[in-house]
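What follows is a structure written as structure tokens; I'll ask about it next.
For clarity, chains are labelled A, B, C, D, E, F, G and H in written order, and residue numbers in each chain start from 1.
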Amino acid sequence: MRELLEAVAAGDVSPAEAEAQLAGYATNGAGRFDAARESRSGVPEAILGDGKTPTEIAALAETAAETTGRAIVTRIEQAAATAVRERLAETAVTVRWDERARWLVATTADFDRPTLDAHVGVVTAGTSDAVPAGEAAMIAREMGATVTRIDDVGVASMARTIDAVDRLRDQDVLVVAAGREGALPTVVAGLVDVPVIGLPVSTGYGHGGEGEAALSGMLQSCTALSVVNVDAGFTAGVQAGLIGRQIGALR
Amino acid sequence: MRELLEAVAAGDVSPAEAEAQLAGYATNGAGRFDAARESRSGVPEAILGDGKTPTEIAALAETAAETTGRAIVTRIEQAAATAVRERLAETAVTVRWDERARWLVATTADFDRPTLDAHVGVVTAGTSDAVPAGEAAMIAREMGATVTRIDDVGVASMARTIDAVDRLRDQDVLVVAAGREGALPTVVAGLVDVPVIGLPVSTGYGHGGEGEAALSGMLQSCTALSVVNVDAGFTAGVQAGLIGRQIGALR
Amino acid sequence: MRELLEAVAAGDVSPAEAEAQLAGYATNGAGRFDAARESRSGVPEAILGDGKTPTEIAALAETAAETTGRAIVTRIEQAAATAVRERLAETAVTVRWDERARWLVATTADFDRPTLDAHVGVVTAGTSDAVPAGEAAMIAREMGATVTRIDDVGVASMARTIDAVDRLRDQDVLVVAAGREGALPTVVAGLVDVPVIGLPVSTGYGHGGEGEAALSGMLQSCTALSVVNVDAGFTAGVQAGLIGRQIGALR
Amino acid sequence: MRELLEAVAAGDVSPAEAEAQLAGYATNGAGRFDAARESRSGVPEAILGDGKTPTEIAALAETAAETTGRAIVTRIEQAAATAVRERLAETAVTVRWDERARWLVATTADFDRPTLDAHVGVVTAGTSDAVPAGEAAMIAREMGATVTRIDDVGVASMARTIDAVDRLRDQDVLVVAAGREGALPTVVAGLVDVPVIGLPVSTGYGHGGEGEAALSGMLQSCTALSVVNVDAGFTAGVQAGLIGRQIGALR
Amino acid sequence: MRELLEAVAAGDVSPAEAEAQLAGYATNGAGRFDAARESRSGVPEAILGDGKTPTEIAALAETAAETTGRAIVTRIEQAAATAVRERLAETAVTVRWDERARWLVATTADFDRPTLDAHVGVVTAGTSDAVPAGEAAMIAREMGATVTRIDDVGVASMARTIDAVDRLRDQDVLVVAAGREGALPTVVAGLVDVPVIGLPVSTGYGHGGEGEAALSGMLQSCTALSVVNVDAGFTAGVQAGLIGRQIGALR
Amino acid sequence: MRELLEAVAAGDVSPAEAEAQLAGYATNGAGRFDAARESRSGVPEAILGDGKTPTEIAALAETAAETTGRAIVTRIEQAAATAVRERLAETAVTVRWDERARWLVATTADFDRPTLDAHVGVVTAGTSDAVPAGEAAMIAREMGATVTRIDDVGVASMARTIDAVDRLRDQDVLVVAAGREGALPTVVAGLVDVPVIGLPVSTGYGHGGEGEAALSGMLQSCTALSVVNVDAGFTAGVQAGLIGRQIGALR
Amino acid sequence: MRELLEAVAAGDVSPAEAEAQLAGYATNGAGRFDAARESRSGVPEAILGDGKTPTEIAALAETAAETTGRAIVTRIEQAAATAVRERLAETAVTVRWDERARWLVATTADFDRPTLDAHVGVVTAGTSDAVPAGEAAMIAREMGATVTRIDDVGVASMARTIDAVDRLRDQDVLVVAAGREGALPTVVAGLVDVPVIGLPVSTGYGHGGEGEAALSGMLQSCTALSVVNVDAGFTAGVQAGLIGRQIGALR
Amino acid sequence: MRELLEAVAAGDVSPAEAEAQLAGYATNGAGRFDAARESRSGVPEAILGDGKTPTEIAALAETAAETTGRAIVTRIEQAAATAVRERLAETAVTVRWDERARWLVATTADFDRPTLDAHVGVVTAGTSDAVPAGEAAMIAREMGATVTRIDDVGVASMARTIDAVDRLRDQDVLVVAAGREGALPTVVAGLVDVPVIGLPVSTGYGHGGEGEAALSGMLQSCTALSVVNVDAGFTAGVQAGLIGRQIGALR
């Protein structure tokens, strides 16, 4: 650190540059919306809808659109989606809302989504994995990856899993969502040679329910998985996107 | 109950018969060794070696051999195995000790092991499942079943699992042992149409270690498993044996 | 596996046969409804009502009826039951709905339920065990077993338990449901010589509530039980049915 | 409180009396050994051997013998027992040491053990319950109760339990020790009309092992038990003794 | 057991007597309402209102009143209380309903409540302990004890606790209810020489909330408590009542 | 941050000052021993003996003595204490080792311990709390506070607690150590008007053992405690010392 | 204690004084509202709104205002806030209600809030920490401290944390609220030399959700934190206030 | 799958090719050592030393060296390392053993380690993270990545963390190991724009000890981490290596 500061003292580095280098962000007026997050950490800032009113969500979405050209909201219900549409009626040129996976993405006219030459597969064991898988697929796409959904290949019917092998092997990185006992990521990781991110889903009841069995099973997997928390589709998708950035920047 | 007692009062049923009917066992002198267990519940009484001295184990084994013609000891170490051999030098004609699976079975000259026309498959994911799987196989055999070991077919290398399908389908009932994430019983149950008993094994470390992830995964399985406690190979083998008794008595 | 593939190459085995042998199912158009599940694994595919809308349930039930001649729905509420009745008004000849145990079974004119010469006893400790016990009884019956209900024999009044001994001993396999401390399966397994499947029920509050005490007690039982998850009546019934298939196919 | 203090001010109550009434003990020189515990709370002070050196135990035992005429040590191993014997060679007239239940009681010539007209039954499911049951029996006896041991009546062989009903009903209060699934206290409480104290024992392995299943089962019991912690034989025996004091003081 | 049966065979004991002795209850038509519970185990049978409709509760209350002269309902809301009043309008002469503690007791003209010469103290740390404490007090009274409430003496203001010492010492047995950290029973047991039953209450949030901290603290108490489950006021009151029966029968 | 950097650019602040202000420490050669910790955060850096060899501990102690004039080691056994003594034979003028509380403090000739006008009370419920309480007392003293030990005032004998009230009230801040149910900090906090830091101790066995009951009880306390982790005497003492620094700097 | 009582006997101390000294409070008619709490333990008594009706809250608030000149209510919703305003329309001269942090404070004309020369910083990682942080700030202010809010400095954007260093270092004691992984208090404590109280917040879902990860992380912190329970903002603020009393009384 | 099988039937695909495509491995004689694992899933097969005898480890290492040209052993102690050296004295040309991180790698003369143009950073918070971090670094290197160690940058001294920013940003993917509260990966992920894999370490005691707090904190991280199980350095390194393979294959 001292070298940098001596460079500032010597006038070789401007204070602003030093700040950016030390702090990883440039000060702007966006306040609580971390507008610089993407440039600093490669992760687009998103608004978590849970626990916010439609009005609050719409206001944050407006700030997001104004400062970064895009607003991403997760876990958003219909009323809030409507509020955002109305608030962004003039600002945004596209507003996509996925009712089932509960995300919304709005972009302005001058927004330029990044494009990566990287293939992310988002895999589900069954239909109850749709919400977190949908979040993962959305954010990986927003980060620029080409996303392929490979659905309904749970191990209760192993033939379906095996039939999907070619599609699984075509991807550069896989997010595999599964609830109950969460065996699918383990089986998939034994069939492919790319990184697999396990995404446990909060299905199941009784002992080990709420996704706890799936999570602990993925952590104990006899294959080499990395894992995110239960229902953390956003985190899984971001991890896949970050890996994609590393791959795709080179292509 | 009153009908029975009135029958006793009327002399139609002897007190001894009534006792057997009400209590499920006939009084004998074997004391703490529940010599009547097999006739009552179909389960041979076994001696748990853990926490007993070689001398205590040997004495109980002698009682077992004298009252039932057979002594079964589980979780027995070398010193105790030697003590049993010495104590039963004259009583028993055969003494088998499996050092790895840690069981010992001794039989007298007039012991007649039951024979069932039932096939029990005991399946392991890997070599670390050998101890509880060995217990399960031993007791199922002692109950009269034909036991087949199908080893080392864990899902990390799915092809090995699939190669075993024919052998798996040849069995009447399966005990499937697995540690870590415990996915094997789920995968097997999706491939066969016979009852599968999941046997979680206390391998693994960290979160969900000590077999807890395997247990909760089997309880949450998206296929239809029944389950026993972690490392409870004896219980799993007895369940398979009891199912075998139902099947085999008819053949 | 290579032998099979060489047989395909040699023309001795058709690709379709090889597929069925390798995959365990024949491809059909039923999509997500695993219509082939019963032929592959002996377990009728059922629709879990929880978390689905009446419309979704009705649509799945229609597919089920069309592809397998029968629709089985568990955890279904009145509105969905009505929707299914309406949707299947022409397809199905019988629609049975158990409001308390919350299952619905509809069959078409040409459906032929299997018949097994096997007796499954479904036992409850008290009235609060009715829902999972009802699920277990239903699916065991649908798999072809003769099911006998033995209710309200909890150990708080041991005489009731003992009075039921004869009926308990008449069964080939028992599913025993109990909540709170879950002692009934242990006591029953000490009185009979057939396989007992413990079914913990989510009654009870405070420490060990929600069925956790019952589950851990059954896993620790000093008799030989196999166990399913809390409230997993469907799984318990299927296990009993699979055992029944092994027994009954021989009679 | 003010009334008492006004009485002190008025000279109607001496400071010492006030202290005893307020504090529940009279100051003496015994320091850390709570010599006044028995007179205050009815519970003889005992020395917990775990984590103390033989020398420390012997010193505390000497203080106990000198101040109360009796030394009670629990969880004491052979070396410490020998040390106590030597240290008390002149002070004590009797020293009893139970190697298995791991307690030691020494008394001086002028010690007068209380006598209660109260019958405490200490019941075990099996031999592995001997240590905490032995502690419970010892302390109840030291508090003056007549203690009857009723051993080896676990529910795996229900007939043994039922055969013991008469002996169980002869007691005024029961301590019932059980490990594994801990069903015995529940069954016993359904058969008798006296208070039953459940004593969970740290047997069992896997999920719910270390006595946790037994504890949670007793807390969830469908009969009316009160419970102590796992292996807390001393506490269970004291509770029984305190109940005995209430009963026996009247006889 | 054989002696009894031989006595039946010999005609010395009638079948009905044998049944009562073996089973602990006499068969009657009351079905699921265990009308004989009180005579067998000393505990009045009570109806748990939770999870039952007003109509079901009223019907069970009617059966209870007809067979035992009294109906006791716990965890009952206003609608059900009204339904019971209407149903028992002619049968019962008194109907008491405690809205806060949520119990209802109805008695018929010829009901004769037992009377014990035993004093049960029911103690609370604060107002949030009122519901389980109220249950405990009610059932102890119904069993015949003289019940004294000693309220609001939590240890946060130790002077209140100490001011209550005389009243605490006047009781034969104490039920002490406390939530949060549950320290009150420990403090009380150090001040009195009668049996103390700890009753943890489900107050508190965060780690150790829902009564778990109170329960584990009481189980770990450095004084000698017995404990019931969280919010199990009924069980605590019954235990106190059973102790009272032992004491009071002698006075 | 920008202001500071502009000041550096303007030459108003030297790079070294900026570094110290930004980073909170000055670079020196002590490497892993965070020699600057005390000046930055007010906490003397200490060496945790657990898991290190005597040689490693001695080497680190030497570095500590050389760079800060003092070496503090916690959880140190006899062999390591001897190794430190030998290694520091010439460097240190005093070496104090508390065998029971397992800490060692060595100082050089020119070391000047800070002095605070602040009184820290370290309170124990019983003798088993000595180790963490000893750690807390040591580090608070090394930070300059006047430390008073108030031992053996557990609530099982409430009079001892109350007798200590005056001494408790004389302190500026209290660390209160207790195991088992951990009630003492709650009781103390109700009697004094200074901050109380609860220090749970890993005594106790069975449910809530290993200090978990004490911890959760302190977190749930109906008085206002702050808490540290189980056995974290060092942390508790540092917190008290930091509070003392705030108080004492003013006196 | 005896000295005090002898002083009472000698007339040197009045009974009232002795009571106050022994008990820590003076008897008054306020009943359940512990009006003397502040004078005894330095903590203003507050009314917890959760689980009370608006009417009950208003009545308690009136008693509080009458006996102490101030009413503090936490976790209060709008309806209750309105009820309190109406009830205190004549008594109170100021009523402040924070809708988001859910507290209300009313004071009478003659109330004189204490003033301490002590600076308490209340820090949040993000907006979801507002409720417990608001509680902490309020009660610290009511105890007389000068409170500074330092918001939105979570470690996901480390530059924001570092930018706040100067404001953090200006405080005498810090309360740091954080949910999710709860890393902020650890980072802050490494940057300042004043006592830091960690306040875990119940955000987050899945494994470690509901604030459990934040709590355990703060307990395990590699810096020296003291901690309160999840969402226990009131307790954290009181601790900070008590520390402030020690500091500020001297200034 | 059918297409492939039809191609086999048509002679377009050989059975061996079909097998490889379906099963993901070619049959060879290596038995339990999954020699084909690397070609199938990109992960070199490693031998886990824990729970195996030196002789067993040496035999497996020999098979590994013979079939793949390399033997990798993790968690290996000195005796086993010596046994491997002796057994491979002639086969292997290099044997490296890291005593601290407990791994051993031996290679034969003709072994050709893969080379990836990918940079993996392995980061530790402190010295106690060395073992799992060492495992991670070793396996990533064996997979061909360039591995950089960035040690001792824990957040207790934030300046050290910030000083490492440039080195952190130079990597393509980071494995960040931390015990205790596990905050380091969260802080690092906020400073860089590459994928971060959190590796919790089993340091810490008391509540959340054994790495559980670190694991749950990483799962709850407010930045986007993926996570492996406690101490699962091998898994973390493999994940980093697999990501490296995707990146490096392109360079």
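Keep this in mind: contacts are C-beta pairs under 8 Å (C-beta built on N, C-alpha and C of every residue); 3 or more make two chains touch, one makes a residue touch a chain.
Remember, it's a predicted structure, so these values are computed and weren't measured experimentally.
Trainee: Give me the superposition rotation angle from chain B to chain H, based on Cα atoms, as a multiple of 5 degrees.
Mentor: 90
Trainee: Need the most distant chain from chain E, centre defined as the mean of C-alpha atoms.
Mentor: H
Trainee: Taking all residue numbers at the chain E to chain G contact, is the shared part over half or under half, that is, same or different?
Mentor: different
Trainee: Report, in whole Å, the distance between the mean C-alpha point of chain E and the mean C-alpha point of chain H.
Mentor: Taking the average C-alpha coordinate of chain E and of chain H, the gap between them is 60 Å.
Trainee: Using the average of all C-alpha atoms in each chain as its centre, how far is it in Å between chain C and chain D?
Mentor: 48
Trainee: Roughly how far is chain D from chain F, centre to centre by C-alpha average, rounded to an integer in Å?
Mentor: 39
Trainee: Suppose each chain is reduced to the average of its Cα coordinates; what separation in Å results between chain C and chain G?
Mentor: 55
Trainee: Can you list the chain B residues in contact with two or more other chains?
Mentor: 1, 19, 22-24, 40, 156-159, 162-163, 190-191, 206-208, 212, 215, 219-220, 223, 229, 232
Trainee: With touch defined as at the top, which chains are paired up in contact here?
Mentor: A-B, A-C, A-F, A-G, A-H, B-C, B-D, B-E, B-H, C-D, C-E, C-H, D-E, D-F, D-G, E-F, E-G, F-G, F-H, G-H
Trainee: Please name which positions on chain C make contact with chain D in the complex.
Mentor: The touching residues are 125-126, 154-158, 162, 180-183, 186-187, 190-191, 204, 206-209, 212-223.
Trainee: In their shared complex, at which residues does chain C touch chain B?
Mentor: Per the touch definition, chain C meets chain B at residues 1, 22, 24, 40-43, 159, 162-163, 165, 172-173, 189-195, 197, 215, 219-220, 223-229, 232, 234-236, 238-239, 242-243, 245-247, 250-251.
Trainee: In the complex formed with chain G, which residues of chain A make contact?
Mentor: Residues 22-25, 32, 34, 36-37, 40, 51, 200, 202, 211-212, 215, 229-232 of chain A touch chain G in their complex.
Trainee: Where on chain F does chain D make contact in their complex?
Mentor: 127-128, 152, 156-159, 162-163, 205-208
Trainee: Looking at the complex, which residues from chain F come into contact with chain A?
Mentor: 1-2, 5-6, 8-9, 11, 14-16, 18-19, 22-23, 27
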